[in-house]
Every structure is written in C-alpha cells, then in structure tokens.
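Each chain carries a letter (A, B and C) given by its place in the written order, and its residues are counted from 1.
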Amino acid sequence: MLLLGGTLLAFGPRPHGKIPPGRVVVSYWEKWSGQEADPMRAVIEDFNATVGKEKNIFVEYVPMATVQYKTLAATAAGVPPDVAGLWPDQVVQYSLRNAAMPLDELAREYHIKPEDYKKVFWDMCRYQGRLYALPTTPAVIVLNYNKKFFYETADKLRAAGLDPTRAPQSIAEFDKYAQALDVYAPGTNRLIRAGYFTMEPTWYDTVQNIWFGGHSWDERTQKYNLLTPANIATFEWIASYSRRMGKQNLVDFQSGLGAFSSPTNPFLAGTVVMEQQGQWMGRLIDIYKPDMAQVIVPFGVEPFLPRVLRPFNYDWGIAAFPSNVPGVKDASYDVTDVLMIPRGARHPREAFEFMAFTQRQDQMEKLCGMSGKNSPLMATSDEYVYSNSNPYIDIYDRLAASPNARANDQTPIYNEALSLIEVAVQQVYLMQQTPIEALTEAQREIDKRLASQDELAAARAAWSSR
Amino acid sequence: MTAAPTTTATNTAAPALMAQPTIAAARPRPPKSGWGDIGKGLAFLSPWLVGFTVFTIVPIALSGYFSLCDYSLLDPPMPIGLDNYRALMKDQWFWNSMKVTAEYAILALPAGMLVSLGLALLLNRPIRGRAIYRTAIFLPTLVPVAATAMIWLWLFNTKLGLINYVLGKIGIPPVPWLTSPSVALPAMVFMSLWGVGYTVVIYLAGLQDVPAELYEAAELDGATGWRRLWHVTLPMISPVIFFNLIIAIIGVFRVFEIPLLMTNGGPARATQFIAMYVYDNAFLYVRMGYASAMAWIQLILVLILTGIAFWTSSRWVHYQGK
Amino acid sequence: MASNNANKSWLGTHVALLMICAGFIVPFAWMLSTSLKTSAEAMVFPPKIIPSPANWKTYQDVWHHPRFDFPLYARNTLVIAALAVAGTTISSALVAYGFSKVRFRGRGVLFGMMLSTMMIPFPVTMVSLFALYRWLDVHTPIQFLGTNKPLWLPACFGTAFNIFLLRQFFMTIPDELSEAARIDGCSDFGIFWRIVLPLSRPALSCVALFTFMGVWNDFLGPSVYLQHPEQYTLALGLSQLQGYRGAVTDWNLLMGASTLVIAPLIILFFLTQRTFIQGIATTGMK
C-alpha cells in the first residue's frame, strides 16, 4: 500500500498547466459544474481564442460548490477570484459588506447600458444606486403543466366549466383544475396524483405570494410586512390545500416524491400535474423522459418541425402564474446568474474585459441558447429564437420583459428572512400553525433581526469614524 | 479451552508486552528536585505545547472575543459587549436547535451504545470469518457523506425506497420517514446506527483486553450467559464504555452534514441541529460574532456534560490496575 | 470442549451476524450496484438490484471524468495524508513519551488539559482558525489559506487522541528497560528512539491508520480551506459530481466515484483490522 502510494506520489499526475505563457490569468469561480457548465465553457473558449489572445488575457473556469460562501471567505482572506459567478442575493450581501467592486465606471467605458437589458435582470444587479454585477443566464419560473393529463381529464374539466386546452389563468380557476386532476387510490383516500402540491418543488414556496400580488418586503419603508391581506391570502390558500388533502396524505405523498434530476422527478413521472419550474424542465424531459417530447414526431426529427409546431410535440406546457389581481398578467418569478468582481481581485480590468465579452449579443445568445434559456438582453436575434432547444423560448422572453416579472427582495437580511418565511410556510403546510400565527411569529423574528441589523449598521458607522 | 476471547494471535512485534497489559510495577526514580525533570519533560511536550497554544488556546480565545463583537469576516470586529448572548437567549430558533440536538442525543446515545456493544460482543466470539463480518460492520463508516445521504434518501422514500418496500411486504403501512416532523428525527437516529463501526472496533479492543482467566473463574463459579456479561465483561470494559460515551457526547454536537444534505433542517426545522444553526449564522447570514457566541455556549455545554460523565464515572467505571 | 451447546451457539452467532451484516451491507450494495448501471438505469423504479449487463464503463468514465480528476485528487489526498500521518505519529509519540516516561510537576494537570481539548467541537474554532490563518498570511511570509497547510500542519504538533493512545501504550513498557539503557549511557531521546519506538510498532501503526482514514474521508476541513480544484482531495472532489442544491445528474458516476474513493480504505481495513484492533487493545484505552 505504501509502495503504491509512493509510486503515485512520485510519478503520478502533477497539476497541469494549460495556460499559455505570458497571459494574465483571470480566475473565474462558478457554481455550475457538469453539463450545466458547458455553455459557459464554450464562451470562455471563444474569449481565450479571440479577445483574450489579442489583449493577453486567459480566463480559467473553476467550478465550485457553495461558491457564495467560499468567495466571501476568500475575499475576507484576501485571496478572491477575479470573477465570481453568483446569485443576485449576493449583490446586496456583498455590497453591504464592501466585498464587491462597483462596476458603474467600467460599464460606462464598455458601453453597457441599462436600456439594453430586460429591466428585472438589470435591477437585480444594482443596489442602492450602484451596479455590482452583470447578468448571464436567467431563470424564469412559471407555471408548468402536463398537457397529457389535461386531455385525459378533459371531460371532467369541461364538466367543471374549464378548458382542457389551456392553463388556468385565475387562482379560482387553478383550484378547480387542481382538484379535478387529483387522483386517489381506488376505494381509499390515499392521494396518488396531485393536481398541485405545495412542496413540489420545495424551492418556491416562499415566493408563492407573487400569485396573489403580495410583497414581503416594503421597498419604500425598508421594512418587512408579512401581515398584508395579499400575504395572508397566500398562506390561507396554502392551508386550504393541506386541509383538503389531509395531514397524513401530505407527509406520505411528499415522502414518495422522487429525485429532481431523474426520471422519478414528480413532474416527469406524472405524480404532480402542475408546478412552478424554470426553463430547465425542457432539458430534463429530453434527458429523462423523451416520450414527453415526441407527441407528433419522434425524438430527433423535432429540429425539422416548424417552430410554431414545436410546442405541440410536448406534453409539457407553460404559462404565466395565475392571478386574481386585476391588471396583473404575465406574472413570473425571475432570477439570474450574475458575474461579480470581488473586492481585492488581482485583475479587475481584465476580469471586466471578459464580463463585457459575455454581454455581447452573439455571446449571450450562445450562452443562453445552449442552456435552453432566454436572454437577459432586450434584443434577440431571430436565429437565436429559432435554434433554441427550448420550444417556449419566446414565451419566457416575453414574461421576463413583462412589468409583472418579479425579482427577489433586496434586503439586508435576505437569507435570514427567507429562511424564517420558509419555516412559516412549512408550519402552515403541515398544519402546525394557522396562517396568522405563523406569519405573526415570522414577522416578530424578522423585525428583531432587522432592528438589530440597522442598529449595528449605525453603531458601526459611528465606530469606524472614531 | 473455553470460548473465551484470546489476545494471543498475531502480535509478533511485542510479545513481551502482551503478557503484561497493565502498567508495569513502576520503580519510581527519586526526582532530582521538587519539579522533577521539568526541563526534559517540557522539551518532549514542546510540540504539543506550541500546537496547543496556536491551534487551540488562540482560536478559542479569538472566538470568545468575536462572540463579544459584531463581526462579518470582511469588516474588523466591533465590540458590542454581551449583546450577542442577550439576543441568543431570545432567539427561539436557537433554542429549537438545542432541543433538536438534545432529543437526538437522548435517543441516539443509548441506542448507539446498545447496538455497538451488542455487535462487539457478537463479533468477539471465536468464529470463522470474523474479519469479513468486522469489515462489513466497519464499511459504512467509510462511505463518503454525500453518497451516504443519497443512498438513504432513496432508502427512505415511501414509494421508491427499499425500507418501505420491505415494510409493505410484512404488512406495515409506509412510513413518511423524512417528511413528517415527528418521524424525521427518529429516522436520523436509526440512520446513525449504521455508522457504529468505529465504536464497535473500540469495544472489540476493550473486549480483547479482558483476561481469559476471569471468564474461566466465573465459569467455575457457575456464572454463565447474562450473569457473566453483567459481572465480568461489563465491569471489565467499563473504561471503554466511558470512553465511547464521551466521544458520543462530543459527536452529537457535530451532527451536521447528513441533516444538511437530507432534510436541510426540515420539515419545519424539526431536524435543525445546533451545528447547522451555527454554520448558517456564520456563513449564510455572515454573523460570525453571533455564531461564535453560539459556539461558546456549545463548548461550555460539552464541558459540563463531559464533566458530569467524569464525575459519575467513579461509581461505575472500574480501572483494572486499581 | 465442543459440546452440543457450543455448536448451537456457534450457529446462532453466524445466523445473527449474517442477518445484521446484511442490513449493514444493503446501502453499500446499492452503491455498488448503482455504479454498475447506466445513467438512465440508475434511477428507474422498481430498481434492479443486480444490473445486467453490468456497465463497467462507469469506472472508465469516472477515471477520465473532466471534473473529477481521480488520479490528481488521489495524489493530493495522499500528500496531505502522508504529511499528516508522519507529522502526527512522530510528534504524538514524542509528547506521549513526555507524558509517560518523564516525571515532573504539573504533568497531570497538562495531561488533563490535553484530554479536554478532545471535547472542543470543530465549529467552535472553525471561524477563528480561519481568522488566525488569515492573520498569519498577512503577517508572515508563509501563505496558509488556499494551500493544504491547514490540513496537515496542526497534526505535526501532536493530536490529543493519538497522544492519549500512545501514552497508554508507553505506560505498559517496563521502566527497567529504559533504566538499563540509561546505565549504558543512553540519553532520554536515545531511549525514546531506540527502545520505546521500536517496541511500540502496533500502537504507532494504529495511530497512523486512524489518521490516514480520518484524512482520507475529511470533507469539512478541505471544503473550508482548499480553494482551487487542483488542490482538491477525493472527499471534496466528490462534491464536483453533484449539481446545484446537491442535485445529481449521473447517479452511477457519483456512486462509482464513491466506490473508487473508499476501495483503498476497505482493503486497508480488511488487511489490517487485526493489528488495528490489537493496537487499541494493548493500550487498554484507560
């Protein structure tokens, strides 16, 4: 064993240097690895071969789990990467702690202008009037539904006065669809298919209030206000689904849900008919459940299908969130991957050269096109829309540009508040507390944190100016 | 010979030592002065003294200082007195994570002790294929945490998993292991039993140390089975039981990766252990000072608990040499 | 004295052990079986316990994986393990000698302090250790963060558990031996080096093994201190096979890689478990 180890030590592989000599190395940490990283790797390859070669810059892609903590720790330690691929949450978190470099001047220099971007994504990159990030691949979370089950349940839906060929548009309508699509094991009250299930997936339960036009964070007063009529209505609505299904059904059903990236994914397996998801559902179908993508023509022939017909080849349908609020249509929940330059980065200028490269329309379309996503830029080429692997790319594009595209709240205690709201949702979902109880408790805890945060910020200002 | 465990087998390196496992009758050399060989002693201890100072005293003192500060890693720590501790006392989710950790300890400590001791007793019998059995029991402790979490997520699944499949075969309705707030914690206790390998190995070592003559004597006295276990084996290995108890208490405060990967503390924070809450506060909320205050409370608790264990140990731990 | 009774209990032991071990092996067996499936087969329900045909290509894929550089990570892990094992074995032995063979006032108190360091949970010192390394980076010419030093350097100053173990062992070495050597003009270090160490091989190898296994599987340490994938250890590298929120796309690859990572440990344990157990046994743990 020792001998083997020794041999490996002596003759084993060494860290390999693929970096051309003489170039400035921009180290780029990114959360994505695997297939999800391939589009960005392609863009980097392009950069290194063209602009990078010209200006003597070499970008090195470093995939990294929990990149947001490691970047923060590395920044604190004085050894940050030059570019970090993060989420919009970090725009606030990092800028408040002076861990991110403001990019306004560089952006001006490179002619990167707000009007070139869909507003929701541009705003995510800014905090308190300054620019800290640039967007890359966006995620547009919308209502996903399984058309096959809509057709199979057509009679029942029609009997309830619903149209099986489209998605529900109001919440009242949505409830009727959901109830009609529920399936119980014959002769029992054991739920085996849910029209809609609160905890599938578990990622968007805290932004469910978008459906009701609710806001947790009041931008104007810079305070959380959970006990608004819209938020209470949201929680009452969640509670109504739990009541209808019954507590035992909730935990049993949730315990039987499969893994996200697998054929057992509840949406792919047909266990849940309607849920909130992003553009990646198309890619998951292609990988794990190709029969959901060959309704008209078999898999592989699809690229020859006229663009307008492609949605019909899918059992998978998408639509904006249903809403009861007058005037609110085309609602969606929007996030984007962002690129930031941590404070203390060794080569900020070279880093921005690369970031600017990713913002070029051709590169952005390559990046988003390969990921099956829409572009954060306003302008889109026909070619990009046509060749995108996602059949609904135009819908995603339209929803992201809508004024009802909603982003994460920009608050100084975002992560804490989010996890407190999440507990409230789970408590209501599990019927441990009533909506008012859960919201009141979360509000109290959040108020405490926010007050102490504000107090500390003030104390720190006084302390550091001593 | 009876079926008594022997320690004779393989040790070729130091056969002389095996014959006298207890401390050799020491013939104390007269100390040179009141301080003994203090210079020489400290010289030998010097690596540890340096390491202890740099890697233990300094970090503990530092975290003590941070716990009295507002500190986000990026800005210099700002002293705020006992505010962090005051806030902690009023933080219901801190108390919740303490409660979760305590409940887990109450279930997992005895269960782990019983299972590992039982296994060690079985594995200590002179039977063929002991090495294979021992390896099988030890194996799970080697599986990487990420893989362990994935495997158990699958095993626990009501519809797709093996456990409920087997339960179903014998007519037991499916158990929502990880999604029910009342079952999730016991499920983690159950899972922890899979990782008793290290403890079993240490028990095995202790069992090998029980002199065969004692069993023979007990047999002559007519003591068999349970009585032999109760009057010979357990007292003889009580120091090992004590050692494992201490290690287990410390271990409870470290439970972190498995609940993080499997339930992320849910449902409704029913599996949010104290180590997770410390980690969240330190890295997710970037409240290092607050996290340090929690860590200090944790440290004091561990010291109290192990102190109690040491204090009571004189009643039930029997040292062979005495 | 092979009575009927003994035979029966012998059989009973085997049956009991077989059943228990089966329980212990199931999750591991599933890992193995998943590693021999294709990515598509891996998450099919009902699962096939024995994949046919076995997809040995998984292991080839793991070996050549673009994000999981097994040979490189193995090398990194071995470097850290080798340094930590060598460092902790030598230093712990030195300290243990001081605690067992040299008499001086305050020895008991220091020993108690050392034992109590075993009780400090890692999170207590995690944050401040990080700050400490940062301070050392700024104020000394040596860089710690972003290198593997924090993963093996502390071990070179002795580890409480190992010191404890070795001290217990050294206590069993008769003082007569060292006295005789002293009369022959041997220094304390000479006694340590020429008499105590050679006599303590089982305990030393036990310390080495425990340390080796600990380093091999450590995830938290590398995840806090290593920042560049080219320095990753095997345990940390495994996380590269998982996606966002731990989502796994290729279950067979994750399981195959996990199997590869622990295979050396299983072999090591199987071959050394007797020494392993005896190494602890002779020390008495008390």
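In this section, contacts are C-beta pairs under 8 Å (C-beta built on N, C-alpha and C of every residue); 3 or more make two chains touch, one makes a residue touch a chain.
Computed from a prediction, not measured in an experiment: that's the story for all the values here.
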B-C compared against A-B, more contacting pairs: B-C
Relative to chain C, chain with the most remote C-alpha centre: A
Euclidean distance of C-alpha centroids - chain A vs chain B, Å: 39
Between chain B and chain C, centroid-to-centroid distance (C-alpha), Å: 15
Per-residue multi-chain contacts in chain A, two or more chains: 73, 76, 258-259, 264
Residues of chain C touching at least two other chains: 45, 130, 239, 242, 248, 251
Shared interface positions of chain B, touching two or more other chains: 73, 154, 159-160
Contact footprint of chain C on chain B as seen in their complex: 1-3, 7, 9-11, 13-14, 17-18, 20-24, 26-29, 31, 34-38, 40-45, 47-48, 50-52, 54-56, 58-60, 62-63, 66, 73, 119, 122-123, 125, 127, 131-140, 142-152, 154-155, 159-160, 162, 194, 201-202, 204-206, 208-209, 239-240, 243, 246, 250, 253-254, 256-257, 261, 275, 278-279, 282, 288, 291-292, 295-296, 298-299, 302-303, 306, 319-320
Complex interface listing, chain A residues touching chain B: 69, 72-73, 75-76, 93, 97-99, 199, 202, 250-252, 254-259, 264, 343, 413, 415-416, 419-420, 423, 426-427, 430, 432, 445, 448, 452, 456, 459-460, 463-464
Touching residues on chain A, where the partner in the complex is chain C: 1, 5, 8-9, 12-13, 15, 31-36, 62-66, 70, 73-74, 76-79, 203, 258-264, 287-288
Complex contacts: residues of chain C adjacent to chain A: 40, 42-45, 67, 69, 71-72, 74-75, 78-79, 82, 130, 133-134, 137-138, 145-146, 223-224, 227-230, 239-245, 247-251, 264, 267-268, 271
Interface residues, chain B side, partner chain A - complex: 70, 72-75, 78, 80, 83, 87, 90, 92-93, 153-154, 156-160, 174-181, 183, 266-269, 280, 283-286
